[in-house]
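Following are the structures in question.
Shared between the two complexes below is subunit A, which has subunit B as its partner in the first and subunit C in the second.
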Partner chain A sequence: MKRIEKNKFYEKLNGMIGEYRVFAPSGDRYRYIEDVSEIKFDGLLTKMSPKAHFLPQEEELFRWDEKENIKVKDVNDRYIVFGMRPCEVRAVTLLDPTFDTEKFPDPYYINRRKNTIIISIACNEPLETCFCTSFGYGPFTKGDADLMLVDMGDYFLGEGDEDILNLFGFTDSEEDYRELKEKAESRIGRIEIEGIPEKLEQIRETDFFKKITQRCITCGTCTFLCPTCYCFDIQDRNRLNGGKRVRVWDSCMFKIYTHETSGHNPRYEEHRRMRQRVMHKFAYYPSLYNQYGCVGCGRCVTYCPVNFDIREVIREAGGYNG
Partner chain B sequence: MDNPYIPVPMRVKMARFESDDRSLKTIDLEPVEGEVFDFMPGQFCEISILGKGEAPFGIASVPWEGILRFTINRAGLVTTAIHQLEEGDVVGVRGPLGNWYPVDLFEGKNIVIVSGGFAFTTLRSLIKYLLKNRERFGKLTLVYGARRPDLLLYRDEIEEWEKSGEMDMYITIDKPVEGWEGYVGFVPQVLEQASPSPENAYLVMCGPPAMIKFTLPVIEKLGFKPETVFTSLERRMKCGFGKCGRCNIGKYYVCKDGPVFSLDQLNKLPKEY
Partner chain C sequence: MTEKIREIARRLLENGEVELVIGFEKGTIPLKSRPVFIEKPEEVEKLIWDGFCENNLATYLRRYRGRKVGIVAKGCDSRAIVNLIVEGQLNREDVYIIGVPCTGMYDRRKMIRDGKEEPSEDYLFLNCKTCPYPTPVLYDELAGEEVSPRDRDYSDVETIEKMSSDERWEWFQREFSRCIRCYACREACPMCFCEFCFVDENRPEWVEGGIHPSDLGFWNLGRAFHLAGRCVECGACERACPMELPLMVLNRKMVKDVKEIFDYEAGVSLDEKPVLGTFNPEDREDFIL
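Take a look at the complex of A and B:
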């Protein structure tokens, strides 16, 4: 194992700002920081997930001038995303098969993904709403992070890429984090996920989704905060001498999302939209990529204004016989 | 890396209204530089009008015509802008997108094409393809209907095809009109009258939801199995290649895994189209 004093780590990180754009927790969301003093952990998880780096809420695709010449912004930045939790790292891994495809690879996503160093921090004290261990990984999983830190009070233990450990000046240590890991894992509630994709397909046309949707106000908060939700809209913004085409986050919970020009809307009713959200994560995504599309971060549980709880929904689905 | 979000500039070579009520407009596009990309019948493109947006349209032409043809119903912001295009104007095109009619599967088989209204547009591409490779396919049957004669697309070509005798043709309009000598009646009834055999045959169907609803029972009655029936779906789309999320039906994206699906595939999916 390797270790580094926290002040030494942050000093080094501070020195890298400039060479890298550093995206770090700063209150309720991650921000690109100018100085490490802006880093503020507001509890274990930020309200807004760090997916905003990989898929910005609004991202320019290209712009055009008055002669309609199209220009794509040349982006050569390198990034560090610091402070991601294992669930958020996993969420990025789950975005890859949609955007880093063989046919029609997404250049904007891939550019950010390839030029980003991910430094994660393991979760010593998971929250009551965490259910990551249900999905075959946990609060100490490094996953696709380049470096995972474990908070030991005055210092971090580090695990990961040799080059990055050396870059920060980690030194050898006899310690390990096994005890912390076991303690953290034991605190996490699990949901019974076995057989859920098949079960959801079975009850797809029953009243199940109508029942669970009754109190939903389709505000879309769950989808905006969800680290694995990636849907976007493409819009044109006109300016005096040209304009730009941007993509912006969108949500399958919105009625207009599937509203066609003719007036026809295949997901007009709320329960059809709810079915789409739940089944995308727990049936469609698994059938395509053999993994669940949920990482168990619990944001949708914490921030839903009407206390909708996806864990309950999965539990109810498992036992539904209607 | 190619950027699939960037529209390629194409020039309007020909623009004409297709119907008397000017609700349908046909445009032929040719690239400002180079040649038209290769594509298969059933594929679509996103047509981009900078400042207005983009919308998906099925391609009505075949590659060897050297142009991309689209017939577009005026309905919203983008289609209204397209309707204002004149010859010489430049628009953006992204494509070809999506899958195509399974013409390899059709090899050696009889093909029945059933269509209503302006959904016929991509079927022009298919028919042109089948006729060009006529010897590779068996008997061809076309059942095509519209409300009025002027709403039938590509009437010159329909006449040509009728004269050529290459296809059994059943062209129909909803109500009798003076001077009309073809069939009169809705597509499902005319299909029943035509009564094509399901033996060694595939059926391709494109039309408005009402037509599809009443045609499906006829297709079943005629004995066509769901895996031999193909249709092309439409959904609201943005990216057109499986990223933006909105056009999925179950695990499929209409843009990337479709727009052409077999009835067998659709029967297993939620009715979200």
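Take a look at the complex of A and C:
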């Protein structure tokens, strides 16, 4: 195992700002920071997930001038995302098969992803709403992070690529984090997801989705806070002297999301939107990529204005015979 | 109160007077009671009443138009129902109102931040602390003793009014910058029922998507103006907002102005027409430029 004193780590990280754009927890969301003093952990998880780096809420794709000369947005900055939790790292892994495809590779996403060093922090004290271990990983999974830190009080233990450990100046240590890991894992509630994709397909035409959608007010809180939701809209901003094409977040919970030019809306009813969201994560994603589209971070549970609880819905789906 | 609500709900469902009862049940996270939809008499035990029934259930009523529905309504929920009827969104006879005199709801997020588990006056939402109509203004049956109105207090609004326009603009920009355009405020609001919200229009596109400060400002101020003379001060928008924007101070400014200018309060009488939907030759004009 390797270790580094926290102040030494942060000093080093501070020195890297400039060479890298550093995206770090700063209150309710991650921000690109100018100084490590801006880093602020507001509980275990920020409200907004760090997906906003990989898929910004509003992102310019290209612009044009009055002569219609097109300039594509330069996406070659180098980045460090610091402080991601294992669930958030996994969420980025789950975005890859959607944006990094052979047929339609998304250069904006791929460049950001390629040019980003991910430094995660394991979760010593998971929240009551965490259910990550349901998905075959846990609070101490490094996953696709380049470096995973374990908070030991005054210092971090580190696990990751040799060159990054050396870059920060980690030194050898005899310690390990097994005890912390076991303790954290034991605190996490699990949901039973065995057979859920098939079950959801079976009950898709029943009243199940109508029933669970009753309380949903169809706002976009769950989708916007979710680290794996990636739906977007493309909009042109035309002005007299040119314009730009931007990509902005969208949400399958919005009525307008499937509003077609003809006026027809196949998901006008609330439960059709809810069905899309639940099945996308728990049926379509598994069938397409052999992985669930949910990482169990619990944000949707915590911040839903009406306490729609996906853990409960999956449980109910499992036992639904209607 | 919980027992009385269950008793009424059971009777309504058993007698077939309503198809379902919308009320509150215990939530799955701390200090949260959440909307529940009871369709069978044997399910009424789920219903509860406590200081964490923060949502305005009237927001669901338009989904059940033309069907007979029972609803648990505190003072502000009942005002929303009145306003929905006044604005032609709901038939009075379609809804059976189980009125609940309300002693106020507690700010769960603030309590959790402070590590508190027991509610106290300090944690009452501001609009509850200053609630003029804690007892429902319209009901078919009351589930408890009437509660006395509290004194109105707009000191929060006055603080913003006293700012210079530059200060106020800076305050707006700062607060709105946290908005993520999830529209939880709109969806939680019983009065935000437009079939097509102005923010979703794209021909013309009044507000662009994304998070440019001007769009965030236009959305939040635009919504507040659309609620002028219509907002019933329930606070559902602010409670729903995941980013905790101070939305109620905008709405309360509108409520205060409408009261001062037209001596009108939204959702208190079935006989009054919407204030901005009527013209009266005696209306004040001194605010028109």
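As a working rule, the second predicted complex is superposed on the first by the 321 of 322 C-alpha atoms of A that agree within 3 Å, B and C clash if a C-alpha of one lies under 4 Å from a C-alpha of the other, contacts with A are read in each partner's own complex, and residues count from 1 in each chain.
Quick note on the criterion: a residue touches a chain if its C-beta (ideal position, glycine included) is under 8 Å from a C-beta of that chain, and two chains touch if they have at least 3 such contacts.
Since this is a predicted model, take the numbers as computed values, not measurements.
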item	value
Side-by-side fit of subunit B and subunit C on subunit A, or clash	fit
First, second, both or neither for A:T129, with subunit B first and subunit C second	second
Per-residue touch tally on subunit A - higher for subunit B or for subunit C	B
Subunit B versus subunit C as contact partner of A:Q214, first or second or both or neither	second
Touching partner for A:G189 - first (subunit B), second (subunit C), both, neither	neither
Subunit C, subunit A and subunit B - angle at the middle CA centre, rounded to the nearest 10 degrees	90
Partner chain(s) touched by A:V72 [first = subunit B, second = subunit C, both, neither]	first
Which of subunit B and subunit C A:G318 touches, first, second, both or neither	neither
Contacts of A:Q235 with subunit B and subunit C, given as first, second, both or neither	both
Subunit B versus subunit C as contact partner of A:F99, first or second or both or neither	first
Subunit C versus subunit B - closest C-alpha approach in the superposed model, Å	7
Common ground on subunit A, meaning residues reached by subunit C in one complex and by subunit B in the other	233, 235, 250
Sites on subunit A touched by subunit C in the complex	28, 47-48, 57-58, 128-129, 214-215, 217-221, 223-225, 233, 235, 237, 246, 248-251, 254-256, 270, 301-303, 305-307, 309, 311-312
Subunit B contact footprint on subunit A (complex, rising order)	61-62, 64, 68, 70, 72, 98-99, 101, 103-107, 110, 204-205, 230-236, 238, 243, 245, 247, 250, 252, 257-262, 264, 266-267, 272, 275-276, 279-280, 283-284, 287-288
Complex contacts: residues of subunit C adjacent to subunit A	27-30, 32, 34-37, 55, 59-60, 63, 178, 180-184, 186-188, 196, 200, 205, 208-212, 239-240, 242-243
Contact footprint of subunit A on subunit B as seen in their complex	1, 3-7, 50-55, 75-76, 79, 90, 209, 234-236, 238-239, 241-251, 256, 270-273
